[in-house]
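Two complexes come next, and they have one chain in common, subunit A, joined by subunit B in the first and subunit C in the second.
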Partner chain A sequence: MNQKIDSANPKVSEFTPEFLRWITTTTFGAILLVLIPRWSYAQTLSQFFILPPPVQAAGRTIAIGLSEFSGHTPMLSGIELFNMLATLIVFYIFGPVLWLFSWRVLHQFKAAGTPITKIMNVWSILFIIGGALTLRTGFNEVTNMVMNRIVSAQLYAAQDVQRTKDQLIGDLITISNEAYDYYILPKSLNGGNKSYEGFCIPLSQENNDHGQLMIVDTQPQKIMFLAISSKNNLNTILVSLSSTGQVSEWKFSGEYN
Partner chain B sequence: MNEVRKSIIIGGPLNWPWIWVGFCLLVTFHMIPTALIIRFLEDWRPLSVILPLWIFCGLSLNGMYIGYRSLGVTIIEPLISSLLYIIILALLMNAEFSVFYHKKDLLVMLIWMIPGLFCAFFGAWLGELSQHKKEQKQTQTTK
Partner chain C sequence: MNTYWKLLIWLVAGILLTFAAFYLIGGKNDHWTSLNAAGLVTIVFIFILLGFTLRSPFTMKTRVSTWIIAILVIVVGALGWRGMENLSKYQRRTLMEIHGVIIKGIIQSEIYTPFQKVLREYYGQTGKKKETIGQVFQRLFPLGKVGENIHDVHVVSPDSDDSLRVVVTALSDNEIAVTGFHCYSPGKKKEFKNYNGRYGRVQAKGVLTEKGVRYESEN
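So, the complex of A and B:
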């Protein structure tokens, strides 16, 4: 059973040329995907050549913005333009076209009964080059798409938390102003006459879309408000209003912290 | 088992397609997960233990697969494909962690290659053993 020692025809391969073509294509695609971008970060020229066009465009937009901000007229150099165009052509046009075309030719050879026993014929090499470029681009684009979705969801969640926090702070400032109005007004004008005792949050302001407001502690010279987010009960803001009308002792908890 | 010993000692022509396929399998199915692990779990504390385990297990499994599936005795082939793969993996590690910044780190990486190659060899040997047992069973059933 030892092929190396006993086999009469050791040149018979255990793999079909198609299998070897595909596995070679995926290998070069994986190497292009994993290794090349990492090396390219150190070198400006190849960075422009390897990075996907959307990333390059974003980079250029930032660079142009900074350049304009510092008073310079932004100009794209010839080599930058060439690299951007080359990246687009190589990864998005040349690779897929080469791959599909050579695939078709190899398929036609097979259908016509032309034996393609050699793995390293011209069409196989073109198939491998085109396939590696296409797989690299496709995998990169899919992962970028997924990552973009995740990052945008995280950003949205973070902004949502910040927005609710800002709204609750606004509500607390408004209610503090009303409480101080109550504090300074005499009893004859429905005020507290230099005391916060008896102050109640109006029903219309107690509950809204952002959250809930409540009085935690009332003393003659001090009142404390608590705001609870409607989206997460753990996100709260505790604030204190002094007899001078100063809002202080802000305490944030949960995601507001 | 004599065949296995004879093949290692005598040598004979190498099965180049299996060397290439072994390398390709490692690059496709081992390097991408490794890169993802390094990329996304870089700050994870147990990674320093899990990563070598993952690398050695991958090399052993690849060796085992080649040893089991290939015709004849193929023990040197997974070793060569693992050696090629370790070089690629070292480049990946260098790109991610800049491990070759100091010459001492390169030496450490080279020392790590030895257990990796041993794993590939051990896996291939186990694969050959199971292939041999399977063939013996088939022969007995035929008789």
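So, the complex of A and C:
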């Protein structure tokens, strides 16, 4: 900005100082959005600091889940907690305060017709810094929300499929164990006497919340079970049980494939 | 008061309020409570800040449009924030659910496999002098005494720190009972008391008699 030209002949500049400040803020905001995350990915600490607080917290929650999975007692370090708080303060307190406050001051100067001075330039710099931080936060918020919606929907759907698949596998293993029991037991104890022929799936186990179980082939030394998902009957699991009690030849179809 | 001082006061107030909310509310191991408290305080702070700064000489049009944009961004941000919390907690829960499913399958296999081996051996006896179920079990699993862990005794040492245990709870000529449990994988009921005195872990019971294996998932 050329102060003399601005104040002496406003027509020389096509844009008002306020508009130029907005443009500068947007540019700096864009630079912050694009460059800083890339630069920071090379440095773990900076990367952690630059991620929005809920993203950091979500990352920690999943890390805690993984620790629990391995049987460890998860502990959150003081540095991790402080990082979350520091990011919150910088982007959600520092940014908006600098931006809104300096905007107000600059607007007051403008309304009072005060000529541009060094003080105003300091407020302009604060406006740009605060605006860039706030803009980055706002952009992050919007993209986070959109991404979150997309990821959540996909994850819940995929998890639902995986859950019923795991439950049906469990059901198949249970029925295979019972079938092998039948295979071993003598006829006098309602067994098959070294044959799977005559084995039936108990009524209580044929249907449940996860799906349906059925026998598709019975031979003396081999039996095959089919499990069909209750949510999508194209999702099936076919399995074979040998005379040694070995469950094998798993065949998955539909979304289980 | 100097404008710079006012700015400094706003900054310090915001930092202190957020800091206090973060550290005073919520436990050390519950970072979401702390973060949510600090987030709520931040929203209130931003609203007060907006009210303070967006006064005259700003035109009504500027004020209204800035308020609308700010509210929209805050609402969108809050939705994204909550979504992130729910999603990460769901993933944490799911991890333990998957663990539970895997462990239940392993316990079932660890109970059925030795029992069916015993049962097969028992009904495969051809001589005149037949061993009882208990005798067959003791011959095949010499370490399988009451109170002993038989999980993978043929692979790892009985002193192994494996989190899965299959303990013999009863042993007679006609009946063998075992209880399989996991040291940390959560079962269905939190109040369920496990064999080792802990609460809410996965546990199943198996009983072997001449009639076969009776398996029951207890938690």
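Operating definition for what follows: the second predicted complex is superposed on the first by the 132 of 257 C-alpha atoms of A that agree within 3 Å, B and C clash if a C-alpha of one lies under 4 Å from a C-alpha of the other, contacts with A are read in each partner's own complex, and residues count from 1 in each chain.
By our rule, a residue touches a chain if its C-beta (ideal position, glycine included) is under 8 Å from a C-beta of that chain, and two chains touch if they have at least 3 such contacts.
This one's a predicted model, so the numbers in the text were calculated from it and none came from an experiment.
Once chain A of one complex is fitted onto chain A of the other, the partner contacts of A:M145 are limited to subunit C, with no touch recorded for subunit B.
Of the two partner chains placed around the shared chain by superposition, neither subunit B nor subunit C is touched by A:I125. In the superposition on chain A, A:I215 makes contact with neither subunit B nor subunit C. Contact with subunit C, but none with subunit B, is seen for A:G245 once the two complexes are overlaid on the shared chain. Shared-chain residue A:T26: touches subunit B; no touch with subunit C. By the touch criterion stated above, A:Y180 is placed in contact with subunit C alone, subunit B being left untouched. After superposition on the shared chain, subunit A has more residues touched by C, the comparison being subunit B against subunit C.
Under the contact criterion defined above, no residue of subunit A touches both subunit B in one complex and subunit C in the other.
By the touch criterion stated above, subunit A contacts subunit C in their complex at residues 53-55, 57-62, 64-66, 68-69, 71, 74-76, 80-81, 84-85, 88-89, 92-94, 96-98, 100-105, 107-108, 111, 126, 137-138, 141-142, 144-146, 148-149, 151-152, 155-156, 159, 163, 166-167, 169-170, 173-174, 177, 180-182, 184-186, 189, 191, 245.
Partner subunit A is touched in their complex by these residues of subunit C: 3, 6-7, 10-11, 14-15, 18-19, 22, 28-29, 31-32, 34-35, 38-39, 42, 45-46, 49-50, 53-55, 57-58, 73, 76-77, 79-81, 83-99, 101, 104-105, 108-109, 112, 116, 119-120, 123, 163, 183-184, 210-213, 215.
The touching residues of subunit B, when paired with subunit A in their complex, are 3, 6-7, 10, 12-13, 15, 17-18, 20-21, 23-25, 27-28, 31-32, 35, 70-73, 88, 91-92, 95-96, 135.
On the side of subunit A, the complex with subunit B involves touching residues 1-7, 10, 13-15, 20, 23-24, 26-27, 30-31, 33-35, 38-39.
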